[in-house]
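Same chain, two partners: chain A is paired with chain B first, then with chain C.
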Partner chain A sequence: MSGMFVHNLRLGVASLRRNPLLTTLMIMSIGVGVAASMVTYAVFRAVSGDPIPEKSAQLFAPQIDNRGPQYNHHGEPPDALNYTDAMALMRAHKAPRQTLLFQVGLSVMPDDPHKMPFKALGYATYGDFFTMFDVPFQYGSGWGAEEDDARDAVVVISRSLNKKLFGGENSVGRRINLDDRQYRIVGVTENWDPKPRFFDMFSGNAYAMPSQVYIPFTHAVAQKIDSYGNNNCGMDGKRGEDWDSWLRGECVWISPWVELDTPEQVQAYRQFLDGYAQEQRRAGRFNWAPNNRLRDVPAWLDSEHAVPPESRISLSLALGFLVICLVNTIGLLLAKFMRRAPEIGVRRALGASRADIYRQFLAEAGMVGLAGGLLGLVLTALGMLGIGLVFEPQIAKLAHLDFALVLLTLLLAVTATVLAAFYPTWRAAQVQPAWQLKSN
Partner chain B sequence: MLKMTHLSKVYRTEVVETYALRDFNINVSEGEFVAVTGPSGSGKTTFLTIAGLLETFTGGQYHLDGVEVSNLNDNERSRIRNEKIGFIFQAFNLIPDLNVFDNVEVPLRYRGMKAPERKERIMNALERVGLASRSKHYPAELSGGQQQRVAIARALAGSPRLLLADEPTGNLDTQMARGVMELLEEIHREGATIVMVTHDPELAARAQRNVHIIDGQVVDLAEDPRFHQAVHAARANSPA
Partner chain C sequence: MQIKPILSALRRHKAGTFLIAMQIALTLAIVCNALFIIQQRLAHLAEPSGLDEPNIFVIQNEWVGASTPEQLDAKMREDLGVLRALPGVQDVTLSNSYPLRGGGWDDGVKLTADQVQDTTGATIYFADERFIDTLGLKLIAGRNFRAEEITPMNVRDRLGPPVVMVTKALADKLFPAGDAVGKTIYLVGGPTTIVGVVDLLQAQSVDRWAQSFAYRSVIVPKRLAISLGVFYIVRTQPGQLDAAMRAAPKALFAHNPRRVINDEDGVLSFKEVRAKAYERDRGMAILMGLICVTLLAITAAGIVGLTSFWVGQRRKQIGVRRALGATRQDILEYFLTENLLISCGGALFGVLLAVAINLWLVTRFELHRLSLVYLLMGVVILLLLGQGAVLAPAMRASRVSPVEATRSV
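Here is the complex of A and B:
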């Protein structure tokens, strides 16, 4: 069987070499169609992947409606919390692990006076953040509840910032100057940058540059470090005159996360949120029925439209284009195979079964598919360079050609071509051997 | 070896039924060399395609080498074609993209034969038709007579029980035709069963037996007096 397969491949190559023009047209058709699909798929894959697959079903983003139905979009509560509600969740401590976070932008003052200060973006958060999101560490670790409670000036920095400031050495215990305050380094993260950045969809930072610093939330609030991310005060909301009135106000700017390990915990947390909203209603703060959400990571990303619509549209268009290319290939293969009706008739007369004809012609189509796939790879690689013309640069740089994509490209090309070849091959196998005698 | 009883073949369209063969009876014994003759459109080729399992029939029975073939599926028919029947076509029907060796190899490939055995059979068959030295040539590089010899080698390589030839010299000039015919006679003398369709009385005269077809039925050769006389004349002139 394998000998016959190799023989069929040899026949396929010989046949393809016989009509170079037709062969080139087919290979180009497949190659271009596959490349268009793969380039757009590379983008789609980059933006639609699960950023934390091992825990995405245990991490939940609570949402509380602090505005009321008249301000909500399609009845959805805001996708962040105000300070009052955020702190209420933390104080209640109804989840095994919980954190709050908002984006901060801090000026790093290097010790070396010859070096210029620069801005480092990161998050003010709680110590649970690092455990909840499985943040990998190069040196040290995150801080604990004590530092949170004490509002300590501690910091976790990224590997790249550590390299920039300390040449990559273990800097745990050393100090850095951020916004004119001294911070003690407790940990250095590995390069960690989940895409999309699911925990901070609110700031519109889904595909932003990796974070460089993390400081305690409690410390940031105590030091009145303003949010560097979004702050949504609703339709006619006002930020307030000063820091304290902002904290007391209804502007939302804090992303809350809880880790819930069992369905029972999830159920209990939902009840807790509803109970909290009822309480606020009784207290006169909310005059609407509880309207809360508790979404896990996939549901959260879906509700936040993490996959840009243009990625979906371009993938659909590219797949449609591939179908057109395949229909074109069907026509070309049909022309090619039917021109060989005399040969098919002779082979049938000499003992080839229909299955033999199928095997021979599908092997030939497979060769076309493989050649188309190789061309598709080259075009995909070129296409990767041009993604930035269509997508935003931060999304464009996520798409890359890796081994899985190479394999998928070849597999798609061969499979699609072999499938496209079924109709032409079926027609070829219908050739009646008797015609060979009668046509003479 | 080949026995058809009350066999019929009808081509139907919406408006008309055409009988290509009607109550057709023939019995060819092992080792015979039979010429099937008849005018154009008489049903000779239809007989040959049914005999070679290239086409199904409408009614009656057909036993090939003791096997009733009417209920065989496509695969079984392909296998019998491959193992028991050798075809020689008027237009040679060599595959133009394969060289002589590869052309002769085609039926052996479908039999799943191992490479050394294939090679031995191919070279033996080519030697027998006198073309062993041309094994790497392509059909277009050969004369018509040589191409038909390759086709005969292809038919012989699988050691078939039955050789079916359709006007084997129809596309050849007289000299080449004579050579091919002598080859067929030699193959027959070695024990092969040959059924040859022809409308050429001279060729028919060289077969052991003539089966004459008119309007899809076997008739006595005497019913076609002109052809009958031509065959007799050819036999009288034959050197054998």
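Here is the complex of A and C:
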């Protein structure tokens, strides 16, 4: 059987050589179609992936409607919290793990006065951040609840910042100067940069550069360190006029996250949110029914439109493109196979069964598919180089050609071509032995 | 040319006919939509900013260390002096943002104090008395700010300046009668009077979410005194842009090193700003263009391939026709007409498919409705493509000698 298969493949190669024009057209058609699909798929895969697969079903972003039906966006609560609600969630502590975060931009002041200060972006957050999001550490660890409560000036820095400041050695316990304040380093993270950055979609940082610093949220608020990210004030005008009234105002700027491990906990947390909103209503702050959300990571990414529409449109069109290439291949295979009707007739007359014809021609199509796939691979690789022309750099650099994609390219090419070959092969197998012999 | 014999011949090649027609239909459907997307994106790209773009660059300056708002304001004013003294610099201003930056402070504008919903959204531009001249804007009504009207402001302060300027687009929206100057509008911090109207000034974001208030801006007489950063906008004399862009950060650091100007994007020419703002649109246009070209090439190749096969199959019949008196011209016309018939069938189906795809894009991605022009354009392109592709095999067919009739295959 396998000997027969190899024989069929050899026949296929021989036949491909016989008709160079048609063969080239087919291979190019498949190659181009597959490459277009693969390049756009690589981008789509990069932007639609699960950034934290092992925990995405346990991490939730609570949302509380502090605007009401008159000012909210199509009935949806805002996608961040104001300070009042954020602190209420933290104080209630209804989740095993919980954190708040907002983006900060801090100036790193080198000890050497001849070196220029530079900006390091990162987050003001709680100690649970590091355990909740499985942040890997090179040295040390995150801080704990004590530092949160004490509003300590501690900092976790990234591996790359540690390399820049301390040449990559263990800097835990050392101090750095950020915005003229001294911070004690408690941990150095490994290179960690989930894409999209699900926990800070609010500030449009889904595909931003990796974070460099993390400081306690409580410390940042005490030091009046303002958000480097977005704030959204809605239309009702309750915003405040200085730092303290800003904290009491209704502008949203804080992203909250909770970790809930069981469905019961999720249920209980939903009830807690509704209870909280009811309480605010009784207190006269809200005059509308509770309108909260508690989305896990995939649902959150979906509601935040993490996949750019450009990526979806181009993937859809590229798949349409592949279909056209396949229709084209069907036509060309048909031409190629039917041109050999006399040969088929002779083979059938000499005792070849229909199944033999099927095997031979499908094997030949498989060879075309493989060749098309190899060309597709080359074109995909070229396409990857040119991806920056089409997509924004921060998205383009996420897409890459890996082993899985190589395999998928070849598999797609061969499968698609063999599927496309079924109709022409069926036609070839219909060739009657007697009729062909007579006509010659 | 008689169509009937062609149709009866096609009936014997149902599969091939159907495949070519299908391919033309699918290609038409995708090419129409792709061309339409290209046109939309290019139109978006071509929207004017209102600025003297070739001579403008922007510096993002962030302060380090702790300072009071008063100290920050003094430092910014010193910086303006430093920049103004540079050779080749015509004018300098500072703002919280600039057109095409990608985002910033957008806010609601109301016509009355007790209004619940905003009349419109608008971009908030902070400006001093040099803003209009530096950007190269045209004041079309009222007056510019006076130097003494400009006051410093912290980001959390109440936004309630006594006077503002607005763009024409905003003035037209609020006061369609064209008498905006002197009128009162309400910002988040309270009432304010419009003193001037500028002609054209693009918003800081050109993304889809900001389309509802494109070109509508409020210009407030404020200097943003915060350490997070402010933008110095510099207009140079023609031809001096590159030199001034190199000199500016050096002069600023020489004056006061306690600042951050990012190496990568701290100093941007407006050309770079524009390129970045429209990255997605340009990318999409390029991708759609590539898809169109490749698709048309593949479809043409398919037609060449199948027609060549048909010509090969019918050599004997062609020979017979030639022997019976058909001219080369007749044979050529036969294949051209045959292709035209198939293409027309395919195009008909393709038009339906194109509309269906467009409707899907409209509902799914809020794209615009496909205009008839693109359907027609697509049909013409594909009919021409079909005729072009069939030409070579048809020429070969026309050269079949009448002698072929006497040969057995």
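Going forward, the second predicted complex is superposed on the first by the 436 of 440 C-alpha atoms of A that agree within 3 Å, B and C clash if a C-alpha of one lies under 4 Å from a C-alpha of the other, contacts with A are read in each partner's own complex, and residues count from 1 in each chain.
Convention: contacts are C-beta pairs under 8 Å (C-beta built on N, C-alpha and C of every residue); 3 or more make two chains touch, one makes a residue touch a chain.
This one's a predicted model, so the numbers in the text were calculated from it and none came from an experiment.
The superposed arrangement places chain B and chain C next to each other on chain A without a clash. Once the two complexes are laid over each other on the shared chain, residue contacts for A:R18 go to chain B alone; chain C is not touched.
Legend: residue contacts after superposition of the two complexes on their common chain; A:S353 is shown touching chain B, with no touch to chain C. Within the superposed three-chain model, A:S29 lies in touch with chain C and out of touch with chain B [touch as defined at top]. Applying the stated contact rule after C-alpha superposition, one finds that A:E310 touches chain C and leaves chain B untouched. When chain B and chain C are set side by side, the one touching more residues of chain A is C.
In the superposed pair of complexes, A:P433 makes contact with chain B only, with no contact to chain C. Once the two complexes are overlaid on the shared chain, A:D296 sits clear of chain B and of chain C alike. With chain A used as the common frame, chain B approaches chain C to a shortest CA-CA distance of 12 Å.
Residues common to the contacts of chain A with chain B and with chain C across the two structures: 440.
Residues 3-4, 7, 14-15, 18, 342-343, 345-356, 432-434, 436-438, 440 of chain A touch chain B in their complex. Taken together, the chain B residues at the contact with chain A in this complex read 45, 48-49, 52, 54-55, 74-75, 78-79, 81-83, 87, 89-91, 93-95, 97, 106-107, 109-112, 115, 154, 166-167, 170.
Of all residues in chain A, only 21-22, 25, 28-29, 32-33, 36, 70, 105, 107, 109, 116-119, 179-180, 204, 226, 228, 230, 233, 235, 237, 239-243, 246, 308-310, 312-314, 317-318, 320-321, 323-325, 327-328, 330-332, 334-336, 338-339, 389-393, 423, 427, 440 touch chain C in the complex they form. The touching residues of chain C, counted against chain A in their complex, run 15-16, 19-20, 22-23, 26-27, 29-30, 33-34, 37, 62-66, 103, 107-108, 116-118, 154-158, 188, 226-228, 253, 257-260, 262, 279-280, 283-284, 286-288, 291, 294-295, 298-299, 301-302, 304-306, 308-309, 312-313, 357, 361, 364-365, 409.
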